[in-house]
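Handing you a structure now.
Think of it as A, B, C and D in the order they're written, each chain with its own count starting at 1.
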Amino acid sequence: MSEPFRPGGDGIRTRLFQIIFESDTPLAKGFDIALILVILASVLVVILDTVNHLSAAYGEWFYWLEWGFTIAFTVELLVRLVILDKPLRYLRSFYGIIDVVAILPTWLMLLLPGTQTLVIVRLLRVLRIFRVLRLMQFVGEGRLLVEALLRSWHQIFLFLFTVFLLVTLFASLVYMIEPIEAGFTSIPKAIYWAIVTLTTVGYGDIVPITPLGQAISNLVMLIGYSIIAVPTGVFSAEVIRSIRADRYSEQACPGCGHDRHEKRALYCLKCGTWLDEETPDPHLAERASGTPKD
Amino acid sequence: MSEPFRPGGDGIRTRLFQIIFESDTPLAKGFDIALILVILASVLVVILDTVNHLSAAYGEWFYWLEWGFTIAFTVELLVRLVILDKPLRYLRSFYGIIDVVAILPTWLMLLLPGTQTLVIVRLLRVLRIFRVLRLMQFVGEGRLLVEALLRSWHQIFLFLFTVFLLVTLFASLVYMIEPIEAGFTSIPKAIYWAIVTLTTVGYGDIVPITPLGQAISNLVMLIGYSIIAVPTGVFSAEVIRSIRADRYSEQACPGCGHDRHEKRALYCLKCGTWLDEETPDPHLAERASGTPKD
Amino acid sequence: MSEPFRPGGDGIRTRLFQIIFESDTPLAKGFDIALILVILASVLVVILDTVNHLSAAYGEWFYWLEWGFTIAFTVELLVRLVILDKPLRYLRSFYGIIDVVAILPTWLMLLLPGTQTLVIVRLLRVLRIFRVLRLMQFVGEGRLLVEALLRSWHQIFLFLFTVFLLVTLFASLVYMIEPIEAGFTSIPKAIYWAIVTLTTVGYGDIVPITPLGQAISNLVMLIGYSIIAVPTGVFSAEVIRSIRADRYSEQACPGCGHDRHEKRALYCLKCGTWLDEETPDPHLAERASGTPKD
Amino acid sequence: MSEPFRPGGDGIRTRLFQIIFESDTPLAKGFDIALILVILASVLVVILDTVNHLSAAYGEWFYWLEWGFTIAFTVELLVRLVILDKPLRYLRSFYGIIDVVAILPTWLMLLLPGTQTLVIVRLLRVLRIFRVLRLMQFVGEGRLLVEALLRSWHQIFLFLFTVFLLVTLFASLVYMIEPIEAGFTSIPKAIYWAIVTLTTVGYGDIVPITPLGQAISNLVMLIGYSIIAVPTGVFSAEVIRSIRADRYSEQACPGCGHDRHEKRALYCLKCGTWLDEETPDPHLAERASGTPKD
């Protein structure tokens, strides 16, 4: 990842930059792992704080832990801003916004006393889990998956549109057939049922009660059970293609500059030039005298 | 897509044809996108109109919006018919029928006053969602999927038949074992249960209550969980085959016989021979005199 | 399919054999399709006869239809036996047994008057659906799937064993944790819950109610959701391998008799013999003088 | 499997070692199969013993069967320890610990009379199912799967982390939206619901009741239904890679450079050259004089 905020000479700032923004030294890796653990711990506190009996028993602990995390994250953000040459540009980036969102709710609770009770403000703190994403990006293994997902995006969109079409049609049909008592009170409710059924989730909170409704239900289930093959097949093919893409060399042809040769290629497939610049072409004489078939 | 209805010279008709029936000019693309949005909006109105409290609050709005959409679609259909040289043939085509079905229910409500209450006629308007399909066909990405589906059709049919066979047998078995109170009142009901179980939907509205019934249930679940691999495997293989067939030529090199060249290859990647036996190699002279870089 | 019962000369028997046992003449195909439809119709009657209100209204019809099907199947079986040279051997084969099972229950109801009420005897008639299998075998598309299933059998068995191990362990764990009121009254019941959860069926008739039980439940769900990839991946790979097996030629090497060459092979990979017996080996002279590298 | 405990000369110990620790003689295979059956039977007894009415009727039987199994396993363990040169090292290995855990609970019940009622101690006996693993390792088919799993480990971890992130966010969102009565009493409860929904299990014990909650539910279901493609695709690709890597060598032909030979190939399939550059071609003379068939 090329950080566009890299500072100039200044010794300490450069070293802090390497620790906080990069991850190729032991110290930087240690910082990353510690940060991930602290972020996950802070999210865990937000989650556990919503459990009534835990909140009653350990509310005080959670309160002070929350302030500890907030102060730590605030210090970390300030250090980041001080290090960078363009701190404002960082604040407007995705990770900058997440960094602010991670600490804002707690500070708001201090500034506006009444907010402490506002559940929504408190829950916004859950968003700090996104901070982990920054550290995930150093994990190279994800790139293959994301690439495969992006390449199969069009097909997955088409698949979801088809699902949406089927869901709308079957929902309208069952809405017409089933009596109100079965819970199909409107088409949006019937769409909820159709998605529950097609995706094989099957809550069972709304189910058809007429034989015809159950027959349609059976059809929707079998369709859902079968078409799951579509995104799976498309994505499998893309992952296999990604793996195979490893087969391509990054070297360009010295003759025409073409640069997507399979690694096993000896000659450029566009202009026939011998690709290995360090050894002579073994078939040169042969070809010089005409086509090999002569 | 080759439209068999393309009009002759006439300037305005030809331009309208390009906008409405084709999609390769900016204006035509704009028209397509606007049309998709209007269609989706009109379907949304039909859906929301079935929600009681929305219908009570905004019924009037929905009524006039519905008329707006109907008049727009009617004008659009008339323009289509005027443009085409064989309008009747269009009316008998799949898209022509859908265009008529999209506007007919609303006009029927006007002509036959009592129909306004007929839920079925009103719900027929949902079918106008099929109008979106016409515009989807311009998206080329779907073709690969449809081709793969068609090629795996036989296997998927066999799979569904096997599912049907298993479902019938297990349903009969559980119908015999379970008491009436468990809800297995007839084999069709037991088939409904078996499909709910095999497809891993699992509503839970009818479940076996005897230990033997639960053991059979476990077997059906494990079968359902395992055989989902069949359509997925078949379809994955077909998508992979489609992608690969797209890339590699079946032609062998006339020089060394190597036979796995990408379709875009002009020269053999193993011996540098010009692959097209019918035309001369444009770089022959150049290469004969040494490497091109000299 | 090679029928081991094929009759000798006798004109009518041979023609009947072709119609009833084979499927390559138009008449034989017509017979097969008619037979499939009759079998499915007879199974449908058995199924619908279990629906109380249908049975009350159309019981008489079902009764006579059932006799019609039974007589038709009996005649068909007798004709089969008369045609064949070894009728007893046919009766002991899988299809012979199914043919007898398909008609026996109805005849039993006649011979032993009281049996008409025996639900089990009547339901045995559902087994006649297996008769359709005979006709499915002419559909060649299934062979690829069955081959792939057989080849992945070992891995699918290992997968199911792993599932069974996980299910037993998690079931014991949840049985210890959850109170009796949650429905986990014994380990077999807990195993039922674990399978319902791991296969993502999720009836919801037995669910954990303690936080720890729900946490284990979450773990089981995530495992079930992830390991479904295993049978799917194995089977996909096998289907792809089956398709690729088409790549192998059936021709044996004229030199050493080795017979699994890829179709693109020009020389035997075991002894280096030129495989195409109709044209001379183009590299023969070259090799005779030593290895090509000299 | 190379056992690091193999004894020296001593005749009987070596023979017992071959029977108990190895599996390549008929006697050793018989011992393995008998042991698997006994282990599964002993686990079955533990499981059935928890069913009240079975325990009431056959409790005595189960008690003596349990003692039979425990004594058999104890004798087996003692024999293993006597055979081995380093018995203590075996006791500290995974299989040694499992062997001890398999017999300890029953002996504990004898030594500490009160323990018989301790459900947990008794259930520990279920862990003896792990003893089967030792015998599974001789089944070579599992290695391919385990290798593919290990290679896709990083991607599956990333996938699970993404699932966890989605689950936390959607759970917090639904916790805010849904009223307490719907059962979303805390975020951990909402996470339980989100996992039930995303993995398509769908118990239905906690479901959203507000339209907005149901809309989010729909989104979670569709995401869960789609992203199952990710582990499946990754694992499929890895299995395919494993199978392929097993078959093709990476070595190129010294004659023509062709580089996709099956590992079992001795001669190049394109030019018939002997592939092993270090030994002479055994058929050289023969082939030089013409086709072998002459």
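Following the convention adopted for this analysis, a residue touches a chain if its C-beta (ideal position, glycine included) is under 8 Å from a C-beta of that chain, and two chains touch if they have at least 3 such contacts.
Keep in mind the model is a prediction, meaning the values are calculated, not measured.
Enquirer: Once you count every C-beta pair in contact for both, which comes out on top, C-D or B-C?
Expert: If we tally the C-beta pairs in contact for C-D and B-C, the bigger total goes to C-D.
Enquirer: Have a look at B-D, B-C or A-C and name the one that copies the A-D interface, over half of its contact pairs being the same.
Expert: When the contact pairs of A-D are compared with those in B-D, B-C or A-C, B-C matches.
Enquirer: By mean C-alpha coordinates, which chain is most distant from subunit A?
Expert: Centroid comparison gives C as the farthest chain from subunit A.
Enquirer: Report, in whole Å, the distance between the mean C-alpha point of subunit B and the mean C-alpha point of subunit C.
Expert: 29
Enquirer: Distance from the CA centroid of subunit B to that of subunit D, rounded to the nearest Å?
Expert: Those two chain centres are 39 Å apart.
Enquirer: Indicate the residues of subunit C shared as contacts by at least two other chains.
Expert: Only 159, 188, 191, 200-204, 224, 228, 232, 234, 236-237, 240, 264, 266 qualify.
Enquirer: Of all residues in subunit B, which touch subunit D in the complex?
Expert: Where subunit B meets subunit D, its residues are 200-204, 232, 236, 256-258, 260, 270-271.
Enquirer: Show me the residue ranges of subunit B that touch subunit A in the complex, using the header's touch definition.
Expert: By the definition above, subunit B touches subunit A via 43, 46-48, 50-52, 119-120, 123, 126-127, 129-130, 132-133, 136, 139, 141-142, 144-145, 148-149, 156, 159-160, 163, 188-189, 191-192, 195-196, 198-205, 224, 228, 231-232, 234-240, 243, 254-256, 261-262, 264-274, 281, 283-284, 287-293.
Enquirer: Which residues of subunit C touch subunit D once you look at their complex with the stated criterion?
Expert: Residues 154-155, 158-159, 161, 165, 168-169, 172, 175-176, 185-188, 191, 197, 200-204, 207, 211, 214-215, 217-218, 221-222, 224-226, 228-230, 232-234, 236-237, 240-241, 254-256, 261-262, 264-274, 281, 283-284, 287-289, 291-293.
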